[in-house]
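The structure that follows is given in the form of structure tokens.
Note that the chains are named A, B, C, D, E, F, G and H in the order they appear, and that numbering of residues resets to 1 at the start of each chain.
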Amino acid sequence: MTDSPQRNEATEVPSTLDLGYARLDLDRARRTGDAEVIYGAGKSPEVVVELLRSLHEAHPDKVVLATRLSDETRHLVRQSISAARIDEVARTATVGEMPTPRGRVTIVSAGTSDAPVVREALVTTSVFGASVDVINDVGVAGLHRVLGVRDRLSTADCLIVVAGMEGALPSVVGGLTGVPLVAVPTSVGYGASFGGIAALLAMLNSCAPGVTVVNIDNGFGAGVFAARVARRAAPRAVEAARPTESMPSVQAPRS
Amino acid sequence: MTDSPQRNEATEVPSTLDLGYARLDLDRARRTGDAEVIYGAGKSPEVVVELLRSLHEAHPDKVVLATRLSDETRHLVRQSISAARIDEVARTATVGEMPTPRGRVTIVSAGTSDAPVVREALVTTSVFGASVDVINDVGVAGLHRVLGVRDRLSTADCLIVVAGMEGALPSVVGGLTGVPLVAVPTSVGYGASFGGIAALLAMLNSCAPGVTVVNIDNGFGAGVFAARVARRAAPRAVEAARPTESMPSVQAPRS
Amino acid sequence: MTDSPQRNEATEVPSTLDLGYARLDLDRARRTGDAEVIYGAGKSPEVVVELLRSLHEAHPDKVVLATRLSDETRHLVRQSISAARIDEVARTATVGEMPTPRGRVTIVSAGTSDAPVVREALVTTSVFGASVDVINDVGVAGLHRVLGVRDRLSTADCLIVVAGMEGALPSVVGGLTGVPLVAVPTSVGYGASFGGIAALLAMLNSCAPGVTVVNIDNGFGAGVFAARVARRAAPRAVEAARPTESMPSVQAPRS
Amino acid sequence: MTDSPQRNEATEVPSTLDLGYARLDLDRARRTGDAEVIYGAGKSPEVVVELLRSLHEAHPDKVVLATRLSDETRHLVRQSISAARIDEVARTATVGEMPTPRGRVTIVSAGTSDAPVVREALVTTSVFGASVDVINDVGVAGLHRVLGVRDRLSTADCLIVVAGMEGALPSVVGGLTGVPLVAVPTSVGYGASFGGIAALLAMLNSCAPGVTVVNIDNGFGAGVFAARVARRAAPRAVEAARPTESMPSVQAPRS
Amino acid sequence: MTDSPQRNEATEVPSTLDLGYARLDLDRARRTGDAEVIYGAGKSPEVVVELLRSLHEAHPDKVVLATRLSDETRHLVRQSISAARIDEVARTATVGEMPTPRGRVTIVSAGTSDAPVVREALVTTSVFGASVDVINDVGVAGLHRVLGVRDRLSTADCLIVVAGMEGALPSVVGGLTGVPLVAVPTSVGYGASFGGIAALLAMLNSCAPGVTVVNIDNGFGAGVFAARVARRAAPRAVEAARPTESMPSVQAPRS
Amino acid sequence: MTDSPQRNEATEVPSTLDLGYARLDLDRARRTGDAEVIYGAGKSPEVVVELLRSLHEAHPDKVVLATRLSDETRHLVRQSISAARIDEVARTATVGEMPTPRGRVTIVSAGTSDAPVVREALVTTSVFGASVDVINDVGVAGLHRVLGVRDRLSTADCLIVVAGMEGALPSVVGGLTGVPLVAVPTSVGYGASFGGIAALLAMLNSCAPGVTVVNIDNGFGAGVFAARVARRAAPRAVEAARPTESMPSVQAPRS
Amino acid sequence: MTDSPQRNEATEVPSTLDLGYARLDLDRARRTGDAEVIYGAGKSPEVVVELLRSLHEAHPDKVVLATRLSDETRHLVRQSISAARIDEVARTATVGEMPTPRGRVTIVSAGTSDAPVVREALVTTSVFGASVDVINDVGVAGLHRVLGVRDRLSTADCLIVVAGMEGALPSVVGGLTGVPLVAVPTSVGYGASFGGIAALLAMLNSCAPGVTVVNIDNGFGAGVFAARVARRAAPRAVEAARPTESMPSVQAPRS
Amino acid sequence: MTDSPQRNEATEVPSTLDLGYARLDLDRARRTGDAEVIYGAGKSPEVVVELLRSLHEAHPDKVVLATRLSDETRHLVRQSISAARIDEVARTATVGEMPTPRGRVTIVSAGTSDAPVVREALVTTSVFGASVDVINDVGVAGLHRVLGVRDRLSTADCLIVVAGMEGALPSVVGGLTGVPLVAVPTSVGYGASFGGIAALLAMLNSCAPGVTVVNIDNGFGAGVFAARVARRAAPRAVEAARPTESMPSVQAPRS
């Protein structure tokens, strides 16, 4: 049953699913062309499972993504929804067929401790319809590492650069190429890193023009944005040229 | 025995109850017309039970409210005071007869994770004597949801708008109606939300005129304020027109 | 004379111009495909004029942009370089032929006080090669204003959303469309807006997925980024369909 | 010409006035029942005068308020619009007939340095349709001053309590009465008052239940809110019982 | 063995006791006339026991105080040093004979949740040689409580005022009397109280002249200071007039 | 005419002087035994002069103090009130006979740039009835300077220690003596001193027990407090032993 | 296999070891002359063991250091790598032969609670090739302790001064000697110490010229820097004159 | 006349010069081996001139440095002390013979706007006895600039790296070489750079080991420290090999 009849009078399907404690926005896919997403933090395992099922039923032809899932929730999802794919590092679950990727997003990370954020960005980008290339552990204290992958940076349709501590990597990468670049500060660090604030401020003040920033540890937001940019830049489906090293839900070493 | 004889010389009843470690302000109801409240955070289960009993005995004809009760405290209250009503989501207990509601407060929330704050506001508003209407999960990223409930907003006597993350909902609601509006920032969010500071700042800077704000997660304070406004706006008791979906202490899914 | 012979050994032209107090990066255009820019804050009028001339001579076929120019500097540029175009609201100067625009960037602002940031974004976007559509003063406290321009939002290649105070507009716009969206917080506000921090935090915490953010008042950074996205999305030159209302350096009322 | 035809299809008048650099929300009065307001900070004197005239012409039967006017702007308004009333302490201008007041708002201030904020609240409350009673300079370091005006506090329909420095007055007043109370922190103070943050935090943490807060120095917001509460509490027009000492634009000593 | 022979050449006793990992300042009592104190936070139970014993042996005629003891440490001290007196609320231990009290310190607290800080102040004041009078739970939201104890405030030699949340009590007490007043902010509160910062700022900005402040939850520092002031004000020993309700290490209800 | 008849029913004199824009607390002297004070910041020269006159007339036998006077205000006071004593460094004015000093306060400063705060403390201490000894420029980077004045520190009745930058001096002085010590952070410094916050935090965290703190640059508050402590410690008038180098309003070099 | 062939074309050995999730910078020793280091925070025990082994194999003639190891990780390292030396207080592990020390670093600490940071600095300094002298617990509240070790301070090649709380020790030590001094703020303290921010700010604002600062609790960074300075100052190997009391991995009492 | 006879009993010369408002530490040169310095901020021109003269007379064979001189002060120094050398960019004055330089400090800056801080560091380093090499404008957004000067970095005895905005340069330089590196954050930037805090935090969190930091804009502190390190590393005087481009007080373009 819909709550807003006057806005969708010409459509047959309800735009909102009212579960009492929640009001799912079923109209979003139509408005924005994207998948539905469940933000799992602060939701009980049972609620996440119910929302995953409801959205999958409402959009059987689309993939549904759930993020920030606790250990307990990932366990219940695995037991309850056989079709769910769990990524233990990204802490995500996906249900439904993945879209055909268009365009390529390259994710670059400064250190191995940034892995959970990198994986969340990777899964999200795939779910939102772009292919992904990942380059890990090329922090600025060893410049030859990032200089050695310059070509992979320049041929991307959009870059996601993930870094904690002093957050300098986006400035260096942003100076090497003119590809649109989204910076993700991570909470990696201690003391005066203030849970990622140091990196966030550094990225907001980058001297490399054209760097944009998302919230601390927000691999999801970066993935959504980068996929949208990449899809527009390369509207045709990507041939499976470079096998992206990422989508299988491998049990990568938790850093 | 009273501590301040010179201020209440004309009254027979003591205005203060000295329990040694606490000094209950029994005069408050007379001064402000409102119920007594126990703030449970940082108090042992035994102390909360004793205070609930003492206040209920001192004001047998009024409802007494206790907020911010730990799991352990709610358990002991349930076992010790048979007449107590516990709300597991709001983390409150009430003892004594509820007042006849006057005026209507409408509580609007941005997301399902705001539920504990919404419930605390709901219970408090009821205890302070107004009826309540609750509209959940109408965040600004899906505007048709809030536009679809516009009439329920405009006919309230006071609005409580609860939101975490960027805290934008009060500005949107405040632009749709001239009803007095109290905004409650919640600690829902991560990274640069800083435990609710982002939402708090947004609400304090709302471009919609006439938005006031309470502390982060302070559903109680919003409820007290809104009930006082609603009671004054509608001094007669409310007929039981719209069954408020809230007062029974249902075990709503904990989000 | 070049400072880094090993990196440009195959090219004849020097990659760095050493003026003693400055070391211009003449290689940037080759690396990133973009124009040269002079950040004018903290530079004397004479230095800005010299840098504008040097860069224009080094890249006679490209446009050169100078930003954050003081009144005094704009005055001297106007007197010294007859080919310079000054924008009094954006506080910018440009010299050299503008590029043919590819793709369209739509800039949306919440209030009239955001005008200087809007204009800086507008000039920058044009200099970096995209066409621009501007929609002013559609703050969230009057939702019908932004709902009324929904179509112009959805057909853009990239959106720039500029807002001060509580910074809620990007969340509302981001919920209406799936176009990539760059949010620019402005220092418009007072008290607990803390010079734009409230808006910045709100935007970083936006509940609309896929919102990225630049520094406070950084219309320049948003323009660079958005132009890069738009150019990739629409690689062919834009026909002059909608006359963008902006590029002439009109003396718009200073808000 | 209207921007949002679908929302006002039944009305003849345009809901938005597009001045190019501004988009006036002429529909607000219909939606919220309140006057139009111009926020003068960051607007040139000429723009403020034009906006005052445009709004007065659009709503000839309503009062229009402009706030935060610079010395220069107040001077130009006085010269250009003979019907304008200027308040030099509040830094406001009003044009058009004042509404008949309904209900009474009592404004209480801690110190004489809070006067500009008190006056802005006073003018705004009057413009938004409630009568005003002002009690100045009753800071908590001399309690007998506030205890001496207890009756005037208890008979108000809404209270506005203005204080800088440690911001303790709302807690004291809020403990004396159950009248709805809006607290306004001011930037009065030095050192660790941080331009009003100390007072703001104190008010947000008030131990007196039912205190709500607006932004630092935001007398305007408090006035809008309080007038709305008072009008609802006392829907009939107020007889001219207590002559409010405030509305004439006297040249009160600038503190 | 002493580390600084050149400074104490005229004295026989070593001024420093070097335990390898610690260097006890045995000279302090001579310099300042006060007892030795062990700050227990971050020290292992074994270390605290060893330090208590070493200091008691070095100064057998003085009382030694240990503060901020964990549950585990208090347990070990109780088992290991039979002469130790433990205060479970203050989380302190004392060994050795208490000094004869001179002068009286009155400790006033705003709420029952401030009890651990109050008790730490109480124990410290006694150890540093003044008698103590405690007045609990007289927060400013019920002014008659503090007004009712005015005489006890005015006859003290020094006041310690303990409050969390908005920290308004010192301003009110400081306005009622000219007795030197030390304010102690506590971490009681939530949301925008920021672990006591709100109360700390309020106290630093108190409009009552002559209020000084110590660190958040620093009952110890307030006790040392107040005892020094009281001892000087009343150099003769205090007769046991008013039985202070505090020194016995009762198991007061933990709030 | 008095505003609070019920509190002063036994007294003939009014406790409050209502000037319209201000409500002077004439009862304070009776409650606290201290002089009246005018806080000059944010008050016009005319208002300061009127308040000085009113208070002097109300208490002809007491000294009245005005602090934080602008250059303009000091000029007008000098011209208007012939009996006024102006201190150009402290930025204060005093009118009326100074009290006979009891007890001695020693003021210690870290650097010459702290002079205005030192002088404000000096004048205030004298006005509040204690004699003053000043020791300037003994910062911790040259320890022999403070060690050389150890005796003058130990014989004081109360110490005021003034320091900016890292604010270390109170810890060093507090370790040398057991005299009650009030620390005053100053806004001297730059960069990460944040206008005195670094010094304030250092003083709040002093490892020397018994250090209390006042607001940044608050020489006035420190003076009130220290005078109260010193007067109690030495209730008899001080013989003119050490000529305090301070009270004459010399034109000390402005640092 | 190397990632950056163009930068090391003349060398046979790969400069980067790609473990998939990590990209070890094997070139660093060549560039900077220093050992390899593993930052253990946020890495699983298995990963730390693998990295230790890989680096030890790549550089069999050098010592490898791992820092910030959890209890669990230290346990696994001890079981898996028999040649590893564990320091339980510093929370470090080292594998491989220690370098011959050149120059001497003296580490000074303010309190016993700073021990973990002191030990991390000690181990790091030794690993980076300088000898170490440690002076513990000489906080500024007992100046004779630091004055008593003045000679040991002045003969060092570089000083590391470790302090929490108000962080005053570097200013005092820096005033006593002209030896280069690195200050390390620690998170020791409570309340307004804000996890070491108070000490950090104090050190950044030190009035003693020539004090530099590292991050809160960053004993590692201080050790690297100080060892580099000391090695340059004393290029010949240090004779084993003063047995440094530190290098054996004793089970020092955990403070 | 000396204030601390017991510490200098063996020396004839006074260790402290008491000017009344200041107490010059004449002993510092003996303790630390360095020149005297006058911090000019907040001191009147007359005072600076007097202090320069007094110190020059007390140490005729040493150079005296004054920093942070206002335009007015520099003007008066130039007129009053013919031997003074003024640096208009560094805002310094020096009097007396410069020491023979030992060791070399290389100063690297990210942008031309950092020039005043670079010059203050340059002058200070020279005054404290080391030679200086300056490399300007090699920010990380154009890496080839810093890579092109790699050899000059590696052969220095100590590095000073100056950067504003995101403060990334020290991490990049620190990864290229093992030379001791002092980072100086500058207040260059806007918005969320917060006057240099972003750069300061980035530098404190640098992933390059062995980076130490001084206060924002503190070129002086960095110069003192670096000179001390360089002098120890190269105890013999430096031959005039590379003409440092800096010491003459040229009128460099003010950026």
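We adopt the following convention: a residue touches a chain if its C-beta (ideal position, glycine included) is under 8 Å from a C-beta of that chain, and two chains touch if they have at least 3 such contacts.
Please read all numbers here as calculations on a predicted model, not as lab measurements.
Student: Out of F-G, C-D or B-D, find the interface that copies F-H, where copy means more than half of the contact pairs are identical.
Tutor: When the contact pairs of F-H are compared with those in F-G, C-D or B-D, C-D matches.
Student: From the mean C-alpha coordinate of subunit A to that of subunit E, what's the distance rounded to whole Å?
Tutor: Going by mean C-alpha positions, subunit A sits 52 Å from subunit E.
Student: Please work out the Cα centroid separation of subunit D and subunit G, and write it as a whole number of Å.
Tutor: About 59 Å, centre to centre.
Student: Counting only Cα atoms for the centres, state how far subunit C is from subunit G in Å.
Tutor: For subunit C versus subunit G, the centre distance works out to 45 Å.
Student: Please output the residue numbers of subunit H that touch at least 2 other chains, ranges allowed.
Tutor: Residue numbers touching two or more other chains: 28, 141-142, 147, 175-176, 191-193, 197, 200, 204-205, 209, 215.
Student: Determine which chains touch and list them pairwise.
Tutor: A-B, A-C, A-G, A-H, B-C, B-D, B-E, C-D, C-H, D-E, D-F, E-F, E-G, F-G, F-H, G-H
Student: Which residues, counting only subunit G, touch subunit H once they are in their complex?
Tutor: Contact set of subunit G toward subunit H: 28, 31-34, 37, 157-158, 175-182, 200, 204-205, 209-215, 220-222, 224-225, 228-229, 232-233.
Student: Note which residues of subunit A are touching subunit G in the complex, please.
Tutor: 112-113, 115, 136-138, 141-142, 144-145, 147-149, 188, 190-193, 252-255
Student: Which residues, counting only subunit G, touch subunit A once they are in their complex?
Tutor: Going by the criterion above, the answer is residues 2-8, 15-16, 20-23, 25, 27-28, 39, 41-44, 46-47, 68, 185, 187, 195-197, 200, 215-218.
Student: In the complex, go through subunit F and note every residue touching subunit G.
Tutor: For subunit F paired with subunit G, touching residues are 110-111, 139-143, 147, 165-168, 171-172, 174-176, 189, 191-194, 197-199, 201-209.
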